[in-house]
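I've put the structures underneath this note.
In the two assemblies presented below, chain A is common to both, partnered first by chain B and then by chain C.
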Partner chain A sequence: MNPLLEIDDLSLTFRTEKGPAHVLDSIDLTMVPGEVVGLVGESGSGKTSLARAILGVLPGAQAEIASGRVRLDGIDMLDDGKATRDARGRLVTFVPQDPFDSFNPLFGVGTQLADIVRYRAPPATGHRLARSRRAREAMILDMLAAVQLPASRDLLNRYPHQLSGGQRQRLMIAMALLPQPRMLIADEPTAALDVTVQVQILGLLRRIAAERTLAVLFTTHDLGAAWEICDRIIVMYAGQIAEILPRKAFFAAARHPYTRMLLASLPKPGHQAVGIPGESASPLAPPPGCRFNPRCPLASQMCRTVRPLPSRSEEGHLLACHHPLPTAS
Partner chain B sequence: MNVVSMVVNRLVWFVPTVLGLLAVVFVLARIVPTDPAVLAAGENATAEQVQEARERLALDRPLPEQFVEYLRQVVQGDLGTSFYTQQPIVDDLTERLPATLELTILGVLAAGLIGVPLGVISGLNRNSWLDHLLRLVSVLFIGVAPFWIAMQLQLLFSMQLGWLPLSGRIDDFAPEAMTGFLTIDALVAGDLQNFLSALRHIVLPTLTLALPGAAVIVRFTRTSVVEAVNSPSVAYQTAMGLPRRVIVWKYILRLALNSTVTQLGLVFGISLTGAVVIEAVFEWPGLGTYAVRSILHSDYNAVMGVTLCVGVLFALSNLLVDLLQMAIDPRGAT
Partner chain C sequence: MPDASPEPPLRTHPLLEVEHLSCHFPIRGLFGRRTGSVRAVDDVSFSVASGEALGIVGETGSGKSTLGKMLGGIIDPTEGAITFAGERLPSLRARRPFAVRARLQYAYQDSAASLDPRWTLRRSLHEPLIIHTNWPRERRDAKISEIVSAVGLADEHLDLYPYELSGGQQRRIGLARTLVLEPQVVIFDEPTSGLDVSVQATVLALVRDLHRTFKLTYLLISHDLNVVGSMCDRVAVMQKGRIVEVGPTNEVFAAPRHPYTRSLLASLPRIGGPRVTDRLVLPKEPTSSLGGDKRRD
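Let's look at the complex of A and B:
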């Protein structure tokens, strides 16, 4: 299959008051249509910056692309041209972390959904301004059913604060699907939700991706959630890709010391969860070589000077480490 | 809290507010070292005539008793008689109130129409040269005394350019009073000449009122626009590729208007008091000139009448602001 998303050697720097912050370091990533990829990492690992780069909404004043490119269906998303602006919100849409703050509190949710249809609906479904209010409403009601919400006008007349967290996030997913995109970026979509609602939302995303051949890039710091719904999991540390794992091999095949420590930090019955000692590397002054080396028990002189290049160990498994651990089995 | 209970609540609080206001003004009017009985009796009055006036006006009674008596009259809709015009004060006020209202309402509208767009532009282009210029100019207009602005406008547009009249409300006789707003009355009567005349007269006083108000509105709108621009909902809509004009003039504007409406209410209150000075400069026959004259003549019944009237208007405008805010922000209404 032809790749939908191609990221080559992307390095990104933010200008800050304390000097340049190196938030992404030589990221390579391709995704095919319909694939669900989880981007796992701690806060500050660069996963949100990567998501924003794909959407083409990096803060223009601070962000500087040091190298690389991001292409979505052949369109350069780091450009600011018409093709990029048309792609944003149509070819690729977005499910935010906090569905409450992401709604404007002063408008009914129906108005906000209708504006997405009005300005972002695919051109193929007819000229967007010619389509009537009634047609827009029909599209929205259909979509409510697709995200398992009651397809009622009553819901659309409500304001964001009158809805539950789960309802709001389902509406956000509905808004992301209305333009009929080929790719969806979900930035920690369940972080603001109750645990039971999290499971439902993840299941919904998984099902929708399969039904619509929609590529989903899903950022999270929750390994369990990623394993739940993803075909591939990318583990990021301080702006570098540490390891890319296929879903089925995730727990068994992980060989990067950071991935293994992440797994060990998961709470399990009968086991004491183990934290990762040390602090996450600062993007202001990242350690040379492998950025994980100051916290890695296996770090050698080589790790402190030479960055390990990602190498393919087996099908679907990519590893960037000088001293990989043996497989757990 | 629903609309009805909010309005009832406000109206109930209204009573102690007005009582307090009247008490303060009543005491202030009595400690001024002029004797109203002397004024009421006339210039060449004998000592007996002054004494007679004092008894007629009940000025020889203890202060609390006078206050209670005054309140009893106010409740019956009687604000007393002006020493100066010899007319019931209620009549004086109803005659002059429309002129002040026409001026202040127009002034607040102009302040909003000038201030909101400039504030949005300033907030969207934060730290640009335009933003800095607007901030500088708005600080200037907030700081400068209104009568100075009034006189500069008169100098430029009336004396030098001769475009607009120096003072007054209209050239000819006023059209038949319906609303008391000369511009509207002339328009209703189909009297174009009078309409234009009234309009030309009201431009400079309106500007004088509106400019400091607009300056306040610019600053507050700017702040709330900056906040709205950085809000997560705007970040989301940008990421979803909604057109910038829709995000700005629909979504950001509504977020910003929330606090701007409060400011417009305050500007209305400030304009009512500012009208005292501005009406004097422009010889505008409203409450302001009436208040100035009443104070100068120690016509304290009239002063209290004006105070009561302005206080009630101010409270009503606050009520209106609260209602508007409930309409703008649904979160307070449930």
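Let's look at the complex of A and C:
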């Protein structure tokens, strides 16, 4: 299958008062349609910056692309031409972490969905008056059914504060799907939800991805959520990709020391996790070589000077480490 | 104990006992008339023995934070009694005695927000000691150094301001601030919400260490069943203001009796196991409940 998203050697720097912050360091990534990829890492690992680079919504004044390119369906997303502007919010859409902050509190949710249909969605096909209000409403009601909300006008007349967290997140997903995108970026979509609601939203996202062959990039620091929904998992540390591996391998055959330590930090009944000592590397002064070396128990002189390049260790398993752990744990 | 502490309670008495505790918030209608009430906590009873770790789990709106705040003396209960170390605590209108406030502490969810941004950490840590003790400065300094190293920070951190710390370090300072008075019981309200798993694990390991070394009794309020499972001897499950199940953690997790506990445990992602989303029949969102279900009477 042809890749939908191709990222080559992307390096991103933010200009800050304290000097340049090296947020992303030569990221390579491809995604095919219909694939759900999880982006896992601690805060400050560059997950959100990568998602924003794909969306083309980096803060223009501070962000500087040092190298690399991002191509989505053949369109250069770092460009500022018409093709790129048209692609944003149509070809690729975004589901935010907290839906409450993303709705306008002054308008009913129906109005906000209708605006998306009006300005972003392709015209409805098979309707006599494809651009009429009635056609728009039909599209919205279809979409509510798709995200398992009752397709009722009563719901559309409500304001965001009148809805529960799960309902709001479903509506956000509906809004993101209305432009009929090829790719969806979900930034911790379930972080603010209860466990019982979380599984429902995760199940919904996975089903939608399969039904619409939609590529989903799912950033999270919740490894349990990643296990539920992803086909492939990318582990990032301080702006570098540490390991890319299929879902099952992530939990059974991870070889990067960071991935292993992250897995060992998960709280489990009857198991006392210890965590990773030390602080995450600062993007202002990243350590040379492998950025994980100050916290890594296996770090050698080579790790402090030479950056490990991602290499393919097995099928679909990419690893950037000089001293990978053996598979059997 | 900063003050002369009373005799330790008899072993037969639980350290903290809660009987028929309720908290109802009024719903005001037109002209501020009371039109109903939300039963945030409804007739809750339990007890905590000395040295025990009790977990309280529940979803958003189950009343677990309200319960914690009533125990911490921040919200006044509508009904019921809290007995601490054999003494029945007065209601808030009569203000809690200082000695009780030092020994029964409530640790806020976001310790970063409860630190004064214009104060150095040293000043923030001195404050509880100034209020609760009449120690000279040197003794306070010594105590603060001790507690800061116990939570894994260096003395140099004391001259920083809260914004200069990472999230995990801020939680540690919050812990230090709670523990500097050597409380007997601490109520941790979501002590690790918003932290990365690696940092969460270090903060939780710290709480376990303190539990072991200082014989700290704590209540851990969390929505994360895995956290409670790894941290607590006993767990109480709350739903809609009531405790629906309480028991030893391993028993509740292995064989939950209440259907609500079962559904909570069933929605927990099990890494390495089958996907929960595969076997779950997804229920639709109810349309009738306006903004979640309020418990009215």
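The definition used in the following text is that the second predicted complex is superposed on the first by the 320 of 329 C-alpha atoms of A that agree within 3 Å, B and C clash if a C-alpha of one lies under 4 Å from a C-alpha of the other, contacts with A are read in each partner's own complex, and residues count from 1 in each chain.
Operating definition for what follows: a residue touches a chain if its C-beta (ideal position, glycine included) is under 8 Å from a C-beta of that chain, and two chains touch if they have at least 3 such contacts.
This structure is a prediction, so every number in the text was calculated from the model and none was measured.
Identify whether chain B and chain C fit side by side or clash on chain A in the overlaid structures.
They fit side by side.
Could you read off the angle at the CA centre of chain A, spanning the centres of chain B and chain C, to the nearest 10°?
70
Could you tell me if A:N104 is touching chain B, chain C, both of them or neither one (first, second, both, neither)?
First partner only.
Thinking of the overlay built on chain A, is A:Q301 touched by chain B (first), by chain C (second), by both, or by neither?
Neither: A:Q301 stays clear of chain B and chain C.
With both structures superposed, pick whichever of chain B and chain C touches the larger number of chain A residues.
C
For A:S43, select first, second, both or neither according to whether it touches chain B, chain C, the two together, or no partner.
In the superposition, A:S43 touches chain C alone.
Touch check for A:S132: first (chain B), second (chain C), both, or neither?
After superposing on A, A:S132 lies clear of both chain B and chain C.
Looking at the overlay, does A:N2 come into contact with chain B only (first), chain C only (second), both, or neither?
After superposition on chain A, A:N2 lies in contact with neither partner.
A:R90 in the overlay: touching chain B, chain C, both, or neither? Say first, second, both or neither.
After superposing on A, A:R90 lies in contact with chain B but is clear of chain C.
Pick one for A:Q162: touches chain B only (first), chain C only (second), both, or neither.
Both chain B and chain C are touched by A:Q162.
Nearest CA pair across chain B and chain C in the overlay: distance in Å?
5
What residues on chain A does chain C touch that chain B touches too?
Chain A residues touching both partners: 161-162.
Along chain B, where are the residues that touch chain A in the complex?
Touching chain A from chain B are residues 231-233, 235-243, 246, 250-251, 254-255, 258, 328-331, 334.
Which residues of chain A touch chain C in their complex?
Residues 42-43, 148-150, 152, 154-155, 161-167, 170, 194-196, 198-200, 202-204, 206, 221-225, 227-229, 251-252, 261-277, 279-280 of chain A touch chain C in their complex.
Going by the contact rule set out above, which residues of chain A touch chain B in the complex?
Within the complex, chain A touches chain B at residues 52, 55, 57, 85-90, 93-94, 96, 98, 101-108, 115-116, 119-120, 159, 161-162, 175-176.
Inside the complex, what are the residues of chain C that reach chain A?
For chain C paired with chain A, touching residues are 59-60, 166-168, 196-205, 208, 223-227, 229-231, 249-250, 253, 263-264, 267-272, 275-277, 280, 282-285, 287, 289-292.
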